[in-house]
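Take a look at the structures listed below.
Shared between the two complexes below is subunit A, which has subunit B as its partner in the first and subunit C in the second.
What follows is the complex of A and B.
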């Protein structure tokens, strides 16, 4: 695995180049570990020596299946969970032992966690009310925040009178009203329907740019992660599997887990000999670097019916299944020697149906080798 | 069809069985007959006048209230006890419910059961135990012993009511408050307490009514000079059932209905 890609200081973040190098990083987590006791008496390692950070005002997504440690990582930043080992720094300040109410970060909760006994205005103004701001200041700030999230004029509504999307926006306004140094979002869009979720994804992203603060967004939805993030940290088993830009993670996954979790992929075992990777059906291609064994990853959209360039791989087989998705077809191709391949072909009116023979090609630049052997 | 009618009849009989005795007491409280209350002798408010210490047409020999001031003293004692125990048990019961619900500690389940036991403990056992305890530590029986003694089981009632409310409360709301900068105390005051207020209020109401009503345990731990209303009524009854008891019972019932009704009204308004 590419351990070098993990940890602060190794990222290539497009949004942070304008940050002064003298400014300490908004967030720096070093060697964080956390385990929980189960009721049965066992222990679960939720975080296993995780180092992670934000280089500037970037939008970073913690992505992984449930139980991978992403929510625990978020909760240790907000202070709801204490670390067993490791340190957390916010703008250079060690806050590892600070209680959550002293930390300059705010959270948008999955369940929204709004105060149902208060109207919208007191929810949004809560941080300022607690900080002892005067009424006029609070009123002004609440107005600004509601304007920002598109709920201007709803100050006096009761929480029970709001729709799911509106609750979501109130939760967002409430978390931003106190001007946090960092905004944490714990699967905030999971309760919304698809259209609203997409709209909120775009709004959150532009909001983050506008505010110029770091957002850490937790989700198990890979599409959401790819759409919104400057960088994505893929977590599994309490470890960061890979940290990088969405493009880097999608095109060049460092391990089988990331390849499998982010999008669809064909994973073909390789035998390595004399600097070439040999597929089970006998085809081979030149390898960069010198891995001893590995797995070839081919994205379904990289398989085409027409050959691009001279080199590349060719797969001949029988269409086992064909699914229509609107603008394109998903094809399952049974290839002797290679196994079943997944391809996405544009609907040009000539995509062969189930049972027909089909030859697909992939260009050399689409080939990505993962230095890990499938179990 | 016939079965439906039978069931209807059964329903009527069932409710008659439960409520007829209470209705009788209310009717008797207005009966002018001073000797035999089973015989209707005309409508009167004299029994109510009597217990409020007003002028009545009743001759002294037909009443059992040794003196109206004694009755009034008993009512006063009952209120002092009920208000004190309600205040104490509400604070402690709520604190216990919060502790058991919010903190993880060893043997939490065991402590939860320990807190429920006083509710199902036979009154006689609790009464005797408290009496022996107070005597052992050399405490003279007084209003204070009644208050301390009643609190031992009233706390359980508040604990149960508040726990039920807490079980439905989303913990992340408290986390949100802390996240937005509120100290644990501010979170309790601004978020937790308003959320569980109906439970706390319901528990307090329950404690008040049970305290006003308790006879067996209080009987064991009351000093000779400190008679609560139920003990006073019990004393009157031992010398025969007399009409003014009906009036007292009716007033107690009315008070309970008013208090419970007020509680239900306030609870429904909060939703």
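What follows is the complex of A and C.
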């Protein structure tokens, strides 16, 4: 804009035409494998042939239980762990063998890892100090960064004088000050209390949009992952189980692990015959595609007391337990043939109590079949 | 009795015994030494209760009477003691720092064993250990035989009764004193801080200079002071390994009390050591106060 005003001949912003040319992906990991030796002499496979990448300035979450390899994957990107096999490319450049101090990525650590012997300003300015920037530049950048994370004016504080949330923000400012191409976050919110964590989730998300760089966020908290991510990679046993948008993963999980790990779900075994899935209690519905066997997934909120649409499934049973959570009730329904179902019902003053009979319905479009049989 | 007064009383009760002990066996002798250093030496040992400033005059330069004369040798010995103690601290730090770093990163079981090994020399008498060093350093000792054996030297070198021998001996004796405070501060250092430094672009050398060293500075200072103080006043190591050639201030004080029987002069020399230690402690206290408490 500014250029266009002083340069009469320039009608378009410089660089805007090159936007459309092929930009290399910010991150591309191909066939990455990594295993560790245990002190007892065995080996643990932390990453098993993982391929994964960022398409643009995305917020991608690596989600999985502890020991699934998500932290190892992050540490191979930052350069703290070397891969056994595979390559890592940052903006098209092969950095597989680069030491961590040469990689243009920065990390927000789980423990924050702030330099306790330095004031806030030197912590935030550390990357610039190392890069040899002059004092005025560092001071200006530190000011900008602290402003960005909402800690303006705290330059001279000691780390020991900060609260947990403030430390978190300083760690964020420090990682961003050196203008990384990619920001890696290793469970940074796990030490914060619930309210602060929710606030930080929203702030991180909007910060990522504002900065326009890729964020890779590691967490074992599925709620956190659903709230913040553009895409989620679910990891288990060193492999990516599923990679997709939060809605895709929640509504259409590809396997039982993802279905179970993300949110609550009812998993009902199916028998397949003549293009129809047959439930244990005898009900059946038309299957799309032709799986040979499978499991029906029903989210608790898809079970309603009123019939919605045509030809759904109906479950009749006795309420085994009822838990109140503010705006709705969690119901455990014992259905003969099907087993125990989980449902979430809105508190309209008429939700039946334990021991009462209840009939629940689910619409056809809420049914999702996973081509995997429960062990 | 309220809880608060009970607390106060029990605190006082607990503090009485150690306070009384320190008063009787530390503060009183110290004050006695201070008073003695300003008294006249008796003709056949002991003191005469008469004010006398030439004890300090003999050391510092204003004594010029017939019997009490200034002699620069005392200052020379004092300065040599400062130098040897400082050298000892330096070698102790250089040896202890990497060792402490290494041990602090070991798996717990092996770490405890390594720490036990560090304190192992304490289980053997100091005199025995020092005479072992005499065997190593003397002209026909292991060191010289080894050097001649591999052809580095053709005839035995003088190791025993040199500054080198004294520094080696004191380093050997005091290294656990340097090691333990150093270890305590290095062990506290968060590995993630080192990773964070690499992550933000720092090389190994930069990380050591900007993160590891400053973060462990309190340990370095504590280890240095706690080694320097006993090294400065030490008289066993120089008398065994330094002989008559390397006399330290501790030997001089010992001589004044036991052989020359000039207690006031010995006290004055001891006060000189005290003054040096006091200055050092004040400097360290200032430094410690400036450091951030993590």
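Throughout what follows, the second predicted complex is superposed on the first by the 354 of 375 C-alpha atoms of A that agree within 3 Å, B and C clash if a C-alpha of one lies under 4 Å from a C-alpha of the other, contacts with A are read in each partner's own complex, and residues count from 1 in each chain.
The rule we apply is simple: a contact is a pair of C-beta atoms (placed from the backbone, for glycine too) under 8 Å apart; a residue touches a chain by one contact, two chains touch by 3 or more.
What you see is a predicted model; the values in this text were computed from it and never measured.
*Asks:* Assess the superposed three-chain arrangement around subunit A: do subunit B and subunit C clash, or do they fit?
*Replies:* clash
*Asks:* With the two structures laid over each other on chain A, which partner does A:45 touch: subunit B (first), subunit C (second), both, or neither?
*Replies:* Touch partners of A:45: none, neither subunit B nor subunit C.
*Asks:* On the A-aligned overlay, A:96 touches which partner chain: subunit B = first, subunit C = second, or both, or neither?
*Replies:* In the superposition, A:96 touches no partner, neither subunit B nor subunit C.
*Asks:* Examine A:115 and indicate which partner it touches, taking first as subunit B and second as subunit C; both and neither are also allowed.
*Replies:* both
*Asks:* Applying the touch criterion given at the start, work out whether A:178 contacts subunit B, subunit C, both or neither, answering first, second, both or neither.
*Replies:* both
*Asks:* Does subunit B (first) or subunit C (second) touch A:159, or do both, or does neither?
*Replies:* Second partner only, subunit C.
*Asks:* What is the shared patch of subunit A, the residues that subunit B and subunit C both contact?
*Replies:* In subunit A, residues 78-80, 99-102, 105-107, 109-111, 113-117, 126-127, 130-131, 174-175, 178 are touched by subunit B and also by subunit C.
*Asks:* For the complex, which residues does subunit B have touching subunit A?
*Replies:* By the definition above, subunit B touches subunit A via 170, 172-173, 175-184, 186-187, 190-191, 194-195.
*Asks:* Contact residues on subunit A for subunit B in the complex?
*Replies:* Residues 78-80, 99-102, 105-107, 109-111, 113-117, 126-127, 130-131, 174-175, 178 of subunit A touch subunit B in their complex.
*Asks:* Give every residue of subunit A touching subunit C within the complex, in rising order.
*Replies:* Touch list, subunit A to subunit C: 39, 78-80, 99-102, 105-107, 109-111, 113-118, 126-127, 129-131, 158-160, 174-175, 178.
*Asks:* Hey, which residues of subunit C end up touching subunit A in the complex?
*Replies:* The contact residues of subunit C facing subunit A are 107, 190, 192-193, 195-203, 206, 210-211, 214-215, 217, 291-294.
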